[in-house]
Amino acid sequence: MSEDILRMENITMQFGGVVAVDSLSLHVGEGEIVALIGPNGAGKTTAFNCITGVYEPTNGRVEFNGQTMVANCPHGKMKKTYAGSHAGEYTEIVSRTPDKITALGVARTFQNIRLFSSLTAFENVLIAQHMHVKTNFLSESFFANAAFLDKMKTKPKARQEELDMRERAHELLREVGLSDVENEEAGNLPYGIQRRLEIARALATNPRLLLLDEPAAGMNPQETAELSAFIVEIKKRYKLTVFMIEHHMDLVMKISDRIYCIDFGKMIAEGNPKEISSNPKVIEAYLGEADHAENN
Amino acid sequence: MKKDIKKRNTILTIILIGIIFAYMLILQLNSASHSYAISIIERSAIYAVVAVAMNMLTGFTGLFSLGQAGFMAIGAYVTAILIIPVESRPTVYYVNGIAPWLANVSLPWWLAMLLGGLIAAGFAALIGFPVLRLKSDYLAIATLGFAEIIRAVIAAPGLNQITNGSYGLNTIPGYHSIFTPVIVSIICIALMVMLLRSSYGRAFTAIREDEVAAEAMGINLFKTKELAFIISSFFTGIAGGLLAIYMRSIDAKTFQVTLTYTILLIVVLGGLGSVTGSVIGAFLVMGGQEWLRFFDEPLTIGGVSIPLFRAGFRMVIFSILLMVVVLFWRKGLMGGREFSWQGLINLFRRIPQLFRKKKSGEGAKNE
Amino acid sequence: MNGSVILQQFLTGISLGGAYALIAIGYTMVYGILRMINFAHGDIFMMAGYFMIFSMAVFPWYVSIPVTLAGTVLLGVVIERVAYRPLRTAPRMSVMISAIGVSYLLQNLATYIFTAIPMAYPSIPFLKQIFQFGSVSASLVTLVTPVLTIVLVIALMQIINHTKAGMAMRAVSKDMETAQIMGISVDKTITYTFIIGCLLAGVGSILYFTDRMTVYPYSGSLPGLKCFVAAVIGGIGSIPGAVVGGFLIGISETVLVSLGYSTFSDAFTFILLIVFLLFRPTGIFGEKATEKV
Amino acid sequence: MLKITDLCVNYGGIEAVRNISFEVPDGKIVTLIGANGAGKSTTLRTIIGLVKAKEGSINLDGEELLGRSTTVIVSKGITLSPEGRHMFPDMTVLENLKIGAYLRTDDLNEDIERMYELFPILKSRKWQAAGTLSGGEQQMLAVARALMCHPKILMMDEPSLGLAPKIVRQIFEIIKKINEQGTTILLNEQNANMALQAADYAYVMETGRITMSGTGKELLRDSSVKKAYLGL
Amino acid sequence: GSSSSGSSDTIKIGVFEPQTGENGGGGIQELQGARYANELRPTVKVGDKEYKIVLDEVDNKSDKTEAVTAAQKLVADGVKAVIGTYGSGCAIAAAPTFEDAKIPAVGVSCTNPQVTQGNTYYFRVCFLDPFQGTVMANYAWNEGYKSAAVISQLGDDYSSGLASYFSDAFTKLGGTVVDNEQFQTNQSDFKAILTNVKNGNPDFIFAPSSITTAPLIIKQARELGIKAVFGGGDTWYNTTIIDNASAAYCEGMVCSTFFDEADTSNDKTVEFVKGYKEWLNKDQTRVKNNGGNDAVVGNTALCYDTYNVICDALESAGSTDGATLRETLAKTNYTGCTGSISFDDNGDANRDSAYIDTVKDGAFSFLKIVKVGDTK
């Protein structure tokens, strides 16, 4: 694969005395689909939260597209109680709020669906484009809805932007096959569709890297199969890199280029699906002895 | 088809606006005999502005703020101080005198009001830094506390020469015409609606729905909340200025927590997240309070005086009515939706249907 | 300021604080369980004052006290039934509005029934005995208030932490539906909470008004607001927190007034609140809310 | 025996459950499978009294449960391990276990030890606030908590949701074990394969209706089930 | 009620009083004076025609915002004159409304100078705060008190005003104000303030305040062992205070008032007191509104006079036209149960003396009359 788009270096996340992620280093190459698996409580979601700015990691560095995106070292009270390794290796502190990270091109979905549930599917996607709005709130309020200006030769910038955003939202929903539920309230949609919408909404931020946290949770095998196809398709269409957490092994094995497996916050294995499914450590910690295929 | 409906709606809207303005014109032309109605309409329009501003925070952005009275106080005092005629200032500040630097500063009402709004917005920007990090009830209590602090500061003896402390301000020039406050209110509400319908407004709603997700969509929580807070406070300050001119005399006691509660009741009655709801709510609450006045007067039917009817009964009835609305129309009258002609027409259409259903139901029973 | 003045002020502070603490507990418990600010609590406290006035007109004090407490509890329970229970599944905001509505109603009702003219609070002779220590004088109620507060709170803590009813209260406060699945009756548990909260408000009202002697329809609103602030400062949901908050506010208010800053004595309560919210948003004893993304 | 007859449930205008009837015989494992939104959770929540039914009957050993409060129903020996875990987030793991046994008055220590044996990870975290557990850990706690009340009938709503394959298998082993010890089980599952293998009897739900039923083995072999729910 | 439309042979007089809210108590006491007067004198003869007088009572809820609409309601009802209101704040708020509508208003007990200032349609029958504050200072000084403490309510024009006039006058006379304390609206715990007062050991404590707070202050002070004499303004001439603070604690307190129930030098007073007590005792709700007993408070008497002043003006104006009525009112010269009433150019009552009453054996009793110039 080409350049790495994401690199985590020795990320440690400590809550009180619990070290949820312990010196985790991994990398995701441009255009790859990489999966992160591991037993419950291994620290997968926490790792995602460190990347996306929801948590500030206790130690370590995350690099996005060759740039430091997040970096921290134990400081303040943490200095004394730090229980991870690689202390003192990092001195830089770079912290970004989740919105800044999204602005850099990293979008995510959540383990528990977090749609704007009383808004329509269309509005959900529209809102996700808000961060690209360039005009200020004054001209936005004056012109964004000024439809009567449309006949003018050059529309006000705010109006043009609004029209573009709407156009793009329609287009996106069409591309992901959600056109027919555009005006439905997101919260009323069937579960599977909600998952899809959540992904569509993430896409609307124009990400280069898409993080999916258990996208197939609560789906039956049939729906899961549809989802795998969907992920592969959007990856191609939007030239994305996908990094996902998933417990459905058939999905993981089918579409990932590489898989990382962690346990107790530490990396225990890395490799392609074949290597991982036969890795004794992974079987021991995660898959269990029986043939995993029948479980799903 | 769609176009026809749009056309019909536009025509209906124009007719409605026409009727409203014609009515106001009639009131205005006979202002002496209609002063009661005029004052109710003016007051309702002013409260509608605050209600919409509060709704923008509470209903649209999900920030439960109870600081309205404080921001109104700022707007009202700034406006009042700057528009009291210079020659009557000595009598207004008859106890402590007016600060010399202020004594001759005077502005036209609209500029003073704008300044009042801006200063209120400035305060909002300042306190936004600490308090907007708080969630729901904590935010409510903190903003409520802030309003109380403002009130204490206004009444503090140290500011006697500016705010006239305990003595309040009066001889504020009033409105000459009902159109002034109504048109200013309409402009304010229209500006807020335009903001709410823009991308920024959608970002507000996103925050209300789910902060974590909104942030993950690239919306800067703090900046967006601060924006909503500042703008809402700006219009609340303007409404304070409008109120000062309406009342012509103000003091710190005007801006107690109960004022905020009244506005909250308006917002809830109208429906959280509905601008038209807030406007309708303002007129209903203000008008209703007045309409219920007959409860306060002794009532005699056929020579027997009904013992319940005496002073204070009106407010008992009013509070019971409010409770009924809260308990039985949980989402308020508009329930987060906006007024639309189609909705109204559907409502009318449903009425005969209800009758028909009832009839057929009865028929079934008879068989 | 000499020693006896300081001692006198201190006595004032802790007795005020004690009464605040008792009321604050009611706020904290209701908030803890229903996640709502019971804006009507201060007015329940005011109504308790009227109950005492009317029952003392008929009964001796030792009968009146239980009668008043029973009346207060009944009022609280009825309010919960009528105004809060139907909104159990409604958004929190509606319940809060309903509480404001009840508060509004109680004030208007009191004005209507009892008129706005302040009424004298009857004195309970034995509580009003005045003790003189040098130049410091205090009535028994001043001394009794803080002691009684502490005793009641210790008893209450035992109930909450070591009985099943207490466990039920904590569970209901976190997740009503799941609590039901555990076999806990949500309605009953909430009723218990209101009973305890109103009982303490009743006791608080007797102590407070015995010292301050007049009741009028708005006499509950400001103490109510202050006690809510006390509950927040102490860490809402935490009973020891409410007590500490109550004393903190009572004492600091007294100190401020005695130093001549009475202009800011009310505002100070809120300044204290904002400072706390900034540096310790969950209050002194508040638990961290745990939301996992 | 739990017997559901002609049960209908509406949410506002949405008919979530339409006229379904089924039985849960004592000592058996019965499973409901079906797509998202089929109405499985609604059914379980109606049985436990959290959702009010429009019409129908829920009968436990001859006693009508419909219209009873959840507390009463739980005291009759039915409990639910809810979908989406629903911990008491600020209580510790141990307290969560204890509250599961709210209606019991006997000694709990033995049972708590048993839960720690079933789910060792809970033991090591017994003082942690349940809200900070990982999804899987929470799910285990939810199951353990439900078991603490010694139910006659244990209803489980998607116990395998979001669990690692290894844990899923463990959960199903535990389900079988509990069942062997005498607890009747009514199970909602997306993981149709595992559920059908474990179940004595199974019902397939689609848009609020029961469309198919049979023993677990029968349905496992059924071609339409295979296609729709087993992804084969 | 006002609902009966203004038929040709009735005249409406607005009674603009708070019946609820902070000043509701005092407002109702005033209102009863008007009701009683209306019962005694139900008609007036304007020109040649006999008109029935209908009282149009509106509640301004002691709230300025409400006051404006309430005043507008009176205007809309077509009242010819207005009585009220208790609490200067609401009077100030409503004043421009009445002026605009050219309806003369006569304030009963609103003592703030600003009520009538710059408003040609507002009159008042009571004295003013500066006057009252000075009178009390004179009294205190004459009694030989050398040091005084002042307690006033923040944000309340009445209380702050009186307190500052008192302090000024008292210092000018040579006394010292040892302590100046302020309290918040709705405050009910005054111990902290009073401890400071006690520490200053004053001879006299001037604490103008509402009838809600006065008993609290007095009672708590006595419990703290403060022995100094308490003094207040006209609001204190109200038995509610004695009832609430207990007679023993109130013994010896003084207040200025425009009226004294026990004043037998004026026949009109005697007649009014007798008649009003009878009227009160006819109906228990009236007694309740009066504060639970039949003691006559100053405001009631003043309001009674106000009603008569207006009726007289109507009769002598011979017209119900606002401007004419105003002119007639300005020339009023009336002697009522509260003494003689006439107005100066500003519309304020020409009063140069005030009664000082004290509490003796649990009841108000007349002490002396003090004039502004009277100093030792």
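Every chain is named by a letter (A, B, C, D and E) in the order it is written, and numbering of its residues begins at 1.
The rule is simple: a contact is a pair of C-beta atoms (placed from the backbone, for glycine too) under 8 Å apart; a residue touches a chain by one contact, two chains touch by 3 or more.
All values derive from a computational prediction rather than experimental measurement.
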(message) Using the touch definition from the top, what's the fewest steps needed to get from subunit B to subunit E?
(response) 1
(request) Identify the chains in contact with subunit B as well as subunit D, in label order. (result) A, C
(request) Could you pull out the chain whose C-alpha mean position is farthest off from that of subunit A? (result) E
(message) Rounded to a whole Å, what is the gap between the Cα centroids of subunit B and subunit C?
(response) 32
(message) Roughly how far is subunit D from subunit E, centre to centre by C-alpha average, rounded to an integer in Å?
(response) 74
(message) Can you work out the whole-Å distance between the CA centroids of subunit C and subunit D?
(response) 42
(request) Hunt down the residues of subunit D that sit against at least two other chains at once, touch-wise. (result) 132
(request) Please set out, as single numbers or ranges, the residues of subunit C touching at least two other chains. (result) 108, 111-112, 115, 221, 263, 266, 292-293
(request) Find every residue in subunit E that makes contact with two or more other chains and list them. (result) 19-20, 24, 28, 154, 182
(message) Touching residues of subunit E toward subunit B in the complex: what are they?
(response) 1-3, 19-20, 24, 28, 57-59, 61, 63-65, 68-69, 72-73, 75-77, 89, 92-93, 95-97, 100-101, 112-114, 117-118, 153-157, 159-161, 164, 182, 185, 285
(request) Can you check the complex and tell me which residues of subunit C touch subunit E? (result) 1-2, 5, 8-9, 12-13, 16, 108, 111-112, 115-120, 123, 130, 132, 135, 137, 139, 211-214, 216, 218-219, 221-223, 253-255, 257-258, 260, 262-263, 265-266
(request) State the interface residues of subunit D toward subunit C in the complex, per the touch definition above. (result) 48-50, 69-71, 74-75, 79-80, 82, 86-91, 95, 98-100, 102-103, 129, 131-132, 145-146, 149
(message) Considering only the defined contacts, which subunit C positions touch subunit B in the complex?
(response) 31, 35-37, 83, 86-87, 90-94, 96-98, 100-102, 104-105, 108-109, 111-112, 115, 221, 225, 228-229, 232, 263-264, 266-267, 269-271, 273-274, 277-278, 281, 293
(request) Would you pull the subunit B residues touching subunit E in the complex into a rising list? (result) 32-40, 43, 88, 91-92, 94-95, 155-157, 165-168, 170-171, 174, 243, 246-254, 259, 290, 293-294, 296-299, 310-312, 314-315
